[in-house]
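There are structures below to look over.
Look for chain A in each of the two complexes below; its partner is chain B in the first and chain C in the second.
This part shows the complex of A and B:
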C-alpha cells in the first residue's frame, strides 16, 4: 500500500466513524445543555436529569421496557440453547428445514408480525396484555440468540461430549461440566443481543401494548409529538451508558472465559 | 474384562455401507489390532462398540449380553479418540480425574489414582497445565491416562500412540502391555503402524472396505496372508500371477499372459490359476558369476542398492517385472554396482499361495 492510498484509507475510516458516532455524541452533549430547544450556545446543566427523575411516566415506561427486555433476553437464551443443542440430533435435512423455520421471523417485517399477532389475539377473543407483548418480543428476538449460539455450537467439538459420556457422565453432567462451560459466553452474548432487540422494539409493542401502558420507545415517540425535550436526551444518555457497561461486562466475561477455554496464562 | 462379540455388525451412511456385516469374537483380556487403509471403517467400528453410533444391522455383545440398549455412559468403556478430545477448560489433572468423579470415588482416593496414571504416561509434572499448553504427543498421553484410570471393561484406542516419537512410543507400548496384563482389559487398538500392531497384539484384524479380510495372530497374517490385499497391506510382497503350465521339484512355471516364468514354489497343479506372494526379505540376490548351480530363479539387472539402516533394498528388473529384495545390512555382501547382472531366488516354501 503506498502512502496515498494509506491516507485515503485512514480518511475513509475517520469519515465512517464520524458518520456512526457524531449523532450519538451530539445527543449526549445536548442532554447537558441548558436550552429547552436544543439550541446553542452550549451551557452545562444537569437540569434535565433532575427533571427526568421527577417524570414518573418516562421512568415507568423505562422500567417496563427493561423488564420486558430482561424477560425476553432470558427466555430467548434458554430457548435458543435448547433448540441449538437439540437440533443436532435431527437428521441433516430436517435440521436445515428446522433452522429456516425458526429463523424466518428475521426476514418478516416486525410491523407485519405485530399486526398478525394482534389479529390473532382479537380472533381468539383475548384482550391485549403484557403476556402477548412478551411473546411477540420473544418471536422476533429469538433468531438473534440462535444465530450467535449456532455459530459457537457448530464449532464445538462433539467428541468432547462423547468423551464425557464414555467416562461415565450422565447427559446432565455432560451438559453441566462440558457443554455449558463451552457455550456459556455465547449464551450470554445471544441473550444480550435479544435483550437489545426487545428493548429497542417499537412496532410490536405499539400494536400489542395494553392501553395506558407504555414502553420507552413508545413513550419517546409520543412525547416527541408534543415537542422534543432534552429530558429524552437525558434518558437516552443513561441508556447508552447502561448499554456500554453491559457490553463491557459481557466482553470481559467472554474474554476471561475464552482465556480459560484456551488455557492462556492466567 | 469382558468378552466382546460383534455379530453381523453393519453401519450404513447414505448409500455407503462403511461397516459390512462384521463377525468377530474377542476373548477376555486380549488385545486386538485393527489395521486397514484410511476410510475402511475402523473408527466407525469402534464408535459402534462404544455406543456412539447405532448399528444399522447386527449387534455388539459384552460377555454375551447385547449392549444395544446400554447407553455410552453405562457401558464401562474407556476410549481414546483420534483427536484426543481433552476437555479444554480443565487441567491435565482434572481431565484424568473426570471419569473417577463420575464413578463416585471418594475424593481422597482420586488424587493418588490420577497421579499414578499420570506417572505411567510420564505426565505427572504437567498436572496443572491446560491441554492447549501441551504438545500433541503430551495431549495423547493424557488422553491415554484418562481412559486407563477408570479401569474400563473394554478399552478402545484409535491411533492412540500415533503422535509419539519412536522411543516414547515403544515405551508406551510396553506400559500398555503391562497394564493390560495386570488388568485383563479387552482392548481394541486401531493403528496404521504395522510394527506396532505386530508387537502389541494377540490378534490382528485386517479390514478393507468395511469387511474383515483376515484375522489371526500377527505371525499368521504376516506369514500366511490369505489374499493379495492382506499380503500387500501388511508388509511388502512380490506377486506372481498366471496359469500354471508345468510343475517340477519345487518349481512352478507360470504363464503370466506375456511370458512364461519358472519360479521356486510349491502346491500347484498344471492348468490352475495361481497367485503367489514372496516377501522381499526372502528374496536372495546373487551376482551372475556366483549363481548357484541348479537353482531356479529369475535373471535380471539390479537397480542401485539402497541402504536403509538395518536393511538394504534392491530392485531387480527382469525385463517384464521388477522384484524387490531386502537384505540385512550387516550380512557380508558385495555391493554389485548399478545395472549389474544378477540372479534372484528364494526357497519354494517362501512363495505363499494366495486365494486371489
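This part shows the complex of A and C:
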C-alpha cells in the first residue's frame, strides 16, 4: 500500500491546524499588544497583565473557578475510583446499565443538566448556592475521570487482587499494596481531567451560580456582553496556559493508555 | 455473597447521578406540564410550542444548523483521520494530540477568540483587505456562517479521534486484497474501507450533532440576532422572560430530540458493525 502523504494530504493537515490554532494564537498575541481596541501595529506590553493583577473582581472569580475545579477534581477522583473498581463485581446487565447512567452527562447537553438542577432547586424550595454548582460540576466531570480510569483498570488483572485476598490480606491491605499502586497514576490523571472540565465549564455555572458570584468563564461572557478590554485577552491567555498544563500532565501520565482513553474502550 | 458486597463501591457515584441528573430531569419533566400563570397541570406549554409556527421553524433551523456543522466536520475529519491512520507514521501521534488539545480548552475563550478574529476591523478583515479581497467590513460576524465556523471548531476534533480509531483497528491486508483483486481505489474505499469505519463515523456524528442541538453560547455570541436557536430561546425563557415552565417544556423537546438522534445514530452504527 502506498504510504506517502500527497500534496493535498499535507495541505489538509496544515489548513486544519491553522483553523484550530490561528484565532487562539491571535488572541494570545493581542494580550501583549498595547492598543486598547485590539488594533495594529503590534506594540509589546505587559500592561494588561498588570491591570489584571490589580482587578480584585477578576481575582475573586479566578479563586471561585479554582476552588470549584479543585473540589470537583478531588471528588471525581474518589467517586470514579470506587465506581470503576466496584462495577467489575456487578452482574453483566446491571454493569451495562450503571455504566451508561454514570456516562450520561457526557452525551446530554449541559444546558439541559444545568437547567434541570435549577428547576430542582426551585422545586424543593432551596435557593441557588455554591453547593449545587459544585454538585453540577461533579456529575458532568465524572465521566471524564471514569474514561481515564477505565483505560487503566481494564488492563488490570483481577486475579492479582483475588490472590492477595486468598493469601490472607485484608481488603484494605489488598487495595493499598496491589490495586492502588497500579491505578494511582490514572486516578491522578482522571482528577486533573475533571479539574479541567470544571475549570472550563460555563453552562452549569451560568445557570446555578448565586447572583453576583462569578467564575472566569462567566466573567468572559459578561465582558463580551458589556464591552471588553484587553484584560480579557490576558485572562484568556492565562486560562489557556492552565488548560495546557493540565492536559500535559494527563498526557504524560497516560502516555501508554492514551488510545484506550480517547477511544473510550480498550 | 462476598462478590456483591464489593459492588457497593459503585453506589456513591450512582447516588450522585440519581440526585443531580436523574431526579432533576424528572422534575424538569413534571415542571414542563405546569402552567406558567396558574401552576396547575396542563398541556398548554407543549401546545404552545407545537402550534406556533415560529417554534417549529426554530426547531427546523436548529436541526439544519447542526446537520451543516456535522457534514462539514465529517468532510474535514474523515480525510484527516484517514491520512493519519493509513499514511503517516511518526507524526501521527503529534497531529492527533494537536487536534484534540483545543477540544479541551475553555469554550468561552474559544468563542471569544473567534469573535476577535472575525469582527469587522479584526485580523481576518485586515488580511482580506491587504490582498484586495474585501473593500471594508467582512460582515461574517453575527451571521449563521460565524456560528457554523465556531461550532465546527468546537466539536470536529473528537470526530477525528473516533474515525481514526476505527480506521486504525482495520486490517490493511483487506485493502491490499481488494486492490490485488482488481478493485479500483474508489471501489475499495466505497465497499471495504468506508463500511468498516462506519461505527467510528457514527459515534463521531453523534459527538458533533448532539452538542450542536443543545448549543447556546456560540449561537448567541457569534450569531447575534441571527443566531437564534432552541438553546438561546430556552436561555431567554430563564433569564429574560421568566417563563420557566414553558422553558422546561422546550428543554424537554430538545432532550427528546437528543435521545432520538442518539438512538438513531447508534442503531445505524451497529447495523454496519454486524454486516
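As a convention for this text, the second predicted complex is superposed on the first by the 235 of 266 C-alpha atoms of A that agree within 3 Å, B and C clash if a C-alpha of one lies under 4 Å from a C-alpha of the other, contacts with A are read in each partner's own complex, and residues count from 1 in each chain.
Following the convention adopted for this analysis, a contact is a pair of C-beta atoms (placed from the backbone, for glycine too) under 8 Å apart; a residue touches a chain by one contact, two chains touch by 3 or more.
None of these values were measured; they are calculated from a predicted model.
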item: Touched partner set for A:9, first chain B, second chain C, both or neither; value: second
item: Contacts of A:217 with chain B and chain C, given as first, second, both or neither; value: second
item: Touching partner for A:48 - first (chain B), second (chain C), both, neither; value: neither
item: First (chain B), second (chain C), both or neither touched by A:195; value: neither
item: Which superposed partner A:107 touches (first chain B, second chain C, both, neither); value: second
item: Partner contacting more residues of chain A (chain B vs chain C); value: C
item: Footprint overlap on chain A, comparing chain B with chain C; value: 262-263
item: Chain C contact footprint on chain A (complex, rising order); value: 1, 3-5, 9, 12-13, 16-17, 19-24, 26-27, 30, 38-40, 78-80, 82-83, 85-87, 89-90, 94, 98, 101-102, 104-105, 107-113, 115-120, 122-123, 135-136, 138-139, 142, 193, 196-197, 199-200, 202-203, 207, 216-217, 220-221, 224, 228, 232-233, 236, 239-240, 243-244, 246-247, 251, 259, 262-263
item: Residues on chain B engaged by chain A in the complex (per definition of touch); value: 50, 52, 71-79, 81, 83, 85, 87-89, 98-99, 102-103, 129-133, 146, 150
item: Residue ranges of chain A touching chain B (in the complex, touch as defined); value: 157, 159-160, 162-171, 173, 177-178, 181-182, 260-264
item: Residues of chain C touching chain A in the complex; value: 3-4, 6-14, 16-17, 19-25, 27-28, 30-31, 76, 79-80, 83, 86-89, 95, 97-102, 104-110, 112-117, 121-123, 126, 153, 157, 161-162, 165, 172, 175-176, 179, 206, 210-211, 213-217, 221, 231, 234-235, 238, 244, 247-248, 251, 254-255, 258, 262
